[in-house]
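Take a look at the structures listed below.
In the two assemblies presented below, subunit A is common to both, partnered first by subunit B and then by subunit C.
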Partner chain A sequence: MAEETLMEMESVQDLIGSAGLAAKIVPGPNDEYYLTVGEPAFDPLVTTLASRKCVLIGLFCTEGFSPDARFSLLYVFEKKNIVLILVRNSDGTATSVARIFPSASWFERECRDGFGIRFDGAFDERRLFLHETYPDGFHPLRKDVRNIPVTMRSTIDVVGEYPFRSVSGNGVYQVAVGPVHAGIIEPGHFRFSVIGEKIFNLEIRMFYKHRGIEKLAEGKTPQEVVRIAEAVSGDESVANATACCRAVEAIAQMTVPERAHYLRTILLELERIGSHLGDQGGMLVDVGFPLGASQFAVLREEVFRMNASLTGSRFLRGMVDVGGLSRDIPKRQLDELGEFIRELKNRYRIGLKIVLSTSSVLDRFSPTGVIRRSLLRPLNITGPMARASGGRVDVRINHPYGLYDRYPPTMKTLNDGDVLSRFTVKASEFLDSLDLIERLLADIPEGGVRTIPEIKDGYALSLVESPRGQDLCWVWIRNGTIERYKVRTASFCNWQAIEHAVQGEIVPDFPLINKSLNLSYAGTDL
Partner chain B sequence: MSLSFIIYLVINTLVVLAIAPLFVSIIKKVKAWTQGRQGPSLFQTYFNLAKLVKKETIYSAHSSWIMRITPLVSIAAILVAALFVPLVFVPEPVGGIGNIILLLYLLALAKFFMALAGLDAGSSFGGMGSSREMSISAIIEPTTIIVFAALAFVFKTLNVFTMFSASVASGTTSTPTLILLAISLFIILIVETSRIPVDNPETHLELTMIHEGMILEQSGPNLALMELSSAVKLTLLMALLINLIVPFGLSTTLTLGALVLAIVLFALKGTILAGIIGLFESSMAKMRFFRLPSLFAMAFFFSTLIIIIEVFA
Partner chain C sequence: MVNSLTCLLKNKVTEEDIVRDDEIEHLGREIRREIDAVFGRSLAIRELDTGSDNAAEIEINNLSNPYYDVERFGITFVASPRHADVLIVTGAVTQNMVIAARNTYDAMPSPKFVVAVGDDACTGGIFKGTYAVLGGADRIFPVDMKIPGNPPTPREILAGLLALMKTAGKTR
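For the complex of A and B:
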């Protein structure tokens, strides 16, 4: 293990390129590397990282992290299996990296709203999660702001309105959709500029239901924060709880019992199959093929009922806990699960056959809503939607956690990047997850499922593959309580791909494209 | 105008109003069954209409008189159009009444006002619905005219009542023309009543709506009238197809026994056709908007074929 770490360390040093900086790299507790970089060296280093094809997977701010400055900005870069965090101290201003890493744009806007950091040279300085109704100068994530309700502005003058990109020209008109939609879905605003039925430009605006999750977590015990993490996004409950627990466990160097690892992995995969089923059903509803949709909707409901009988929660909540699991699942129920999975596999294949043999469905699915491969790295697009565009990204394979190094999933990638590819990738991931659960059930050892947690101070980054892609979580514990909990779900980055996927498509195809991307509003709006 | 014709007007209107919501429910029921669901009750459409009648009507502040008269114009035009299609009893044609071209343009009148009302409230979804409906109408209209022309060629008349009388007396049509005619009329039925694969009557997605988009701003009794007129339109187009192709049971004399039998048989034939529509809708996804003309072309082609057969046979 030590040898591996050394080798990895060397490759991180290679990545940096500069010997002086490379010497200062510090390994973190969860296979990540930290490097504090001073101001003159920062911008050239970012350019170097960009030229070496690193992806900016996270950028967040924290207060009081370094004695040298009030704020510290943490830039998380990923290249294959390496995760490098650049720590940049700041007293309220920093240079923008959004022109080099476009994924930084939303991150920087998030830091500006939360902490009031000014990014010089940013191409987009509009508000992000704090809409115009919040008062000026209100930066809730600063330590001196108490977590109490804030007086909102009741009216906004025209000058203060959020400026959407305006597209003008002969025959171009705007269609505003949302934030209140006709179905039972969460709020989001879509501003289309269209010519006839053809979409010329789309701009999205999210963050209509900000819950203040990061602020809420501060001062809580790690165990309490796991419950908060579960509430980040419905069908990423296990993923976000696991990410949070893994960070806390890594900080304290806790050993999680073997059986708990097995059960956690089973829960993670159960969550994935439930999400993929709902998603595939939804895509068929949106092309007006309810016969196919019902095949998946029925199975999804049965998966949820299975979840409820295993854990007492349809969304598998309340199980994952610091140190393992909050309770064991008895053997009898695991046997039932095995039986269920076998039956599910057959019934799913029947449903899949119906859909893939209906030419009118295939005609709608392909070639609709193409996401080009060249977008993946700049926007940090992950999950099934990246794999459908040829991206070989999967946290379970690139940064195996828990049991995934012993039970690696099969990565299925396609190159078309359209709705059909996403549907097909999800179908094969679904079947692969079922296989994985069967293998885990066959090998699951007896034993306890929880070690008594021993909380230590420190910080760690953790990555987990949720059904939607890479979920990132950074936990900093000080005096036994959470000082900063940062979570960035896959949807936060993936949402931005939709603006590119719909260009040149027609308006009636938008709901289908949107559904095929399966983006979470809640996971974006913390 | 004879007494029997006046009785026909009353009976036909009552039957079409009474049975139209049932056919809508049957289609929904069949679709639910194909999905393994139980589906709503067969009386659900009646309940919905009753509920809407009790609600208040809300008009957008931007809307004009168009919004207020559209439901009335729509139901009036469609009900008059329904008089052209004998459901259970074929009357003697009365001087000049019953021109098939008029039937066609009564339907177009209702559609025209519906599209205006879609634009009237100023919502983007209404506008999109109207624009799509008009694009489709412009493409389907030549096809509809050719289909009706084929009818005229087959029955050698432009008068609808004469067509039905001839159809009941039978012997005038051969099986191949019947099949081609049935297919053409079925396509017209699907397109005109905004069903899959043209439009999805069950969608909640505003961006994909055509017919639903246009009536999105309607509420209360006005919405009930719009819903009822689309149900009546469905029934009259179904009746056109059923009673021309399978005229069996259609009464030509005004006796109570014959009428009751005709009503029962019509309900039965309508149920079967509604079932076929339900199965047809379940078997495929909605088509891409710009691929729709290929569907219309099929009806156009078959009808042209009928005309060729009729002219040269």
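For the complex of A and C:
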């Protein structure tokens, strides 16, 4: 074992405290550590991890993983640069950890829907991604459930009603919004409890777009799953595809050519600048400032056109592949990109200056939709929205992958946690990404972009910083095909912050707050 | 100090139109002609996402950016299905969206047209056959025009809308 790994191993052992358990830690292929924990030791260990300020970044179920039980629950904990996965075997029941780690609540509900796991002591036992029209006792991710449509009819009758938390009191009334919204937006339901114009409580209901991505991936080859990963969320295509590829590559210990690493990083950053531009433009539309919004919209369209000329896809799809990239980008086009980036930087600065010197914009941006720093860890809030609330979280810095250890981005944090902070953090990240692309373009080596992949069996976790934050993916390959593909985008966790961010704000500010958080419905609903 | 005089004298922030795309202008003029003839000068579109990966929405939103600015051709995106002539559907139809999708369609006044945008909306795409998806938009209501793509570009969406106008004009 390399010295670095040994040192990291020691810090993981320190983290769990108990020497007996520490001896059983097994390193995984992608810098993650696995520890199988028996039932008596589990609850005390979770309490220890909580007291050591670990974050529960993922919790998912898989079937047939251990010979000892039908199901295994994998709890993914993060502490700074350490990722520790607790494997807990279960025959269908487990104790809930949601009271200690609030982020577990949605995770547990997801496991309950998918596999029928019962969590004792859970404070929320409602269904999550299976809405009322799914039959009772249907758990699609179990291996004995065939992946065929639940309904063969073309209409579905309304059955039952989702029990929203009810808030009552003098003057409290409810406003129901969605799933179909007034604008060109994805579907989701927002249930506001309002006093006058002020939001007293918000409860969100998602998963209208649940397409069954995880089940779809099972039995497919890793290459096929990369295309599925691109369809998780359109504007995070590169991030999710990269996360999936990195897991598959780590399992087989494939060496990705240097040039492919450079190009992948460029694509990841291009995706980030496109997303940030769209987001900033959207925020300005929502405060009624079309002058600023149009500046960003024009730049974004140009980024999309640049994407198309580089890769043939405005969403950079079809490029990232297992073993590297599916094709090279010729030097002439990279030179054009460099030219474009230089010009983009100047034009962006002009737009940004107009926006940040307009008082009507600043008035709406601040102090609106505050996310308190104390929420970040319990809910695993990541990405620009966490950094705008003082959170020092960025996968590119905490768990550098690809080239990010050699080309580290600068951590941009602000402390106010309002819409203005999110706008400003995104602006500095945008400029930082442009610098990064320029540095990468200057240093990019010649050579091939793809090693012929050799698929091996095994499992690995992979983390990637998408424009929205931490995207997690866990891939388990058995007999050369995907046995389980778990994907949890940043939005899955980040969505839950909106319920807190809007409290006390007025309903008309909701679209602005929502836009500033830039949450993906598709990436959450899967 | 800001007063009315400085406002009058200071340099104007407006500038000439630097974004101009001749192909889009041409396509747009043709659409304008068809909309004037068939739809009495304005075409109201309601967008419905039944389970897309959000790329198609981004492209439809892009139709309003200064490069395309489709409103000048007579195309407007409306907030309510009750105001719409055309329903643009994106994404495969999920089990969880069927009821809301059907309600949206039923709320539109006749005559109405449905356009499926993107591979998923056309056929169900890669999601066809999963437990959570019924299929393409034509599984739940009649579809008049399919614009395939992953996702189709704004230009392809405009070309598809033009084709719809032309068929609608003929069947009048």
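Operating definition for what follows: the second predicted complex is superposed on the first by the 515 of 526 C-alpha atoms of A that agree within 3 Å, B and C clash if a C-alpha of one lies under 4 Å from a C-alpha of the other, contacts with A are read in each partner's own complex, and residues count from 1 in each chain.
Everything that follows uses one rule, which is that a residue touches a chain if its C-beta (ideal position, glycine included) is under 8 Å from a C-beta of that chain, and two chains touch if they have at least 3 such contacts.
All values derive from a computational prediction rather than experimental measurement.
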item: Which of subunit B and subunit C A:360 touches, first, second, both or neither; value: first
item: Partner chain(s) touched by A:445 [first = subunit B, second = subunit C, both, neither]; value: neither
item: Subunit B versus subunit C as contact partner of A:149, first or second or both or neither; value: second
item: Subunit B versus subunit C as contact partner of A:215, first or second or both or neither; value: second
item: Subunit B versus subunit C as contact partner of A:158, first or second or both or neither; value: second
item: Touching partner for A:182 - first (subunit B), second (subunit C), both, neither; value: both
item: Touching partner for A:20 - first (subunit B), second (subunit C), both, neither; value: neither
item: Partner chain in contact with A:298 - subunit B first, subunit C second, else both or neither; value: both
item: Partner with the higher number of touched subunit A residues, subunit C or subunit B; value: C
item: Residues of subunit A at both interfaces, subunit B in one complex, subunit C in the other; value: 182-183, 291, 294, 298
item: Parts of subunit A lying in touch with subunit B, wherever the complex brings them together; value: 175-177, 181-183, 197, 284, 286-294, 298, 358, 360-361, 363-364, 506-511
item: Subunit A partner contacts - residues on subunit C that touch it in the complex; value: 13, 19, 47-62, 64-67, 77, 79-81, 91-92, 94-104, 125-127, 129-135, 139-140, 150-151, 153
item: Interface residues, subunit B side, partner subunit A - complex; value: 31, 34-37, 124, 128, 132, 196-197, 200, 202-208, 282-291
item: Residues on subunit A engaged by subunit C in the complex (per definition of touch); value: 129, 131, 133-134, 140, 145, 147-151, 154-156, 158, 179-180, 182-187, 207-213, 215-216, 227-228, 230-235, 237, 278, 291, 294, 297-298, 300-301, 304, 308, 313-315, 317, 354, 520-523, 525
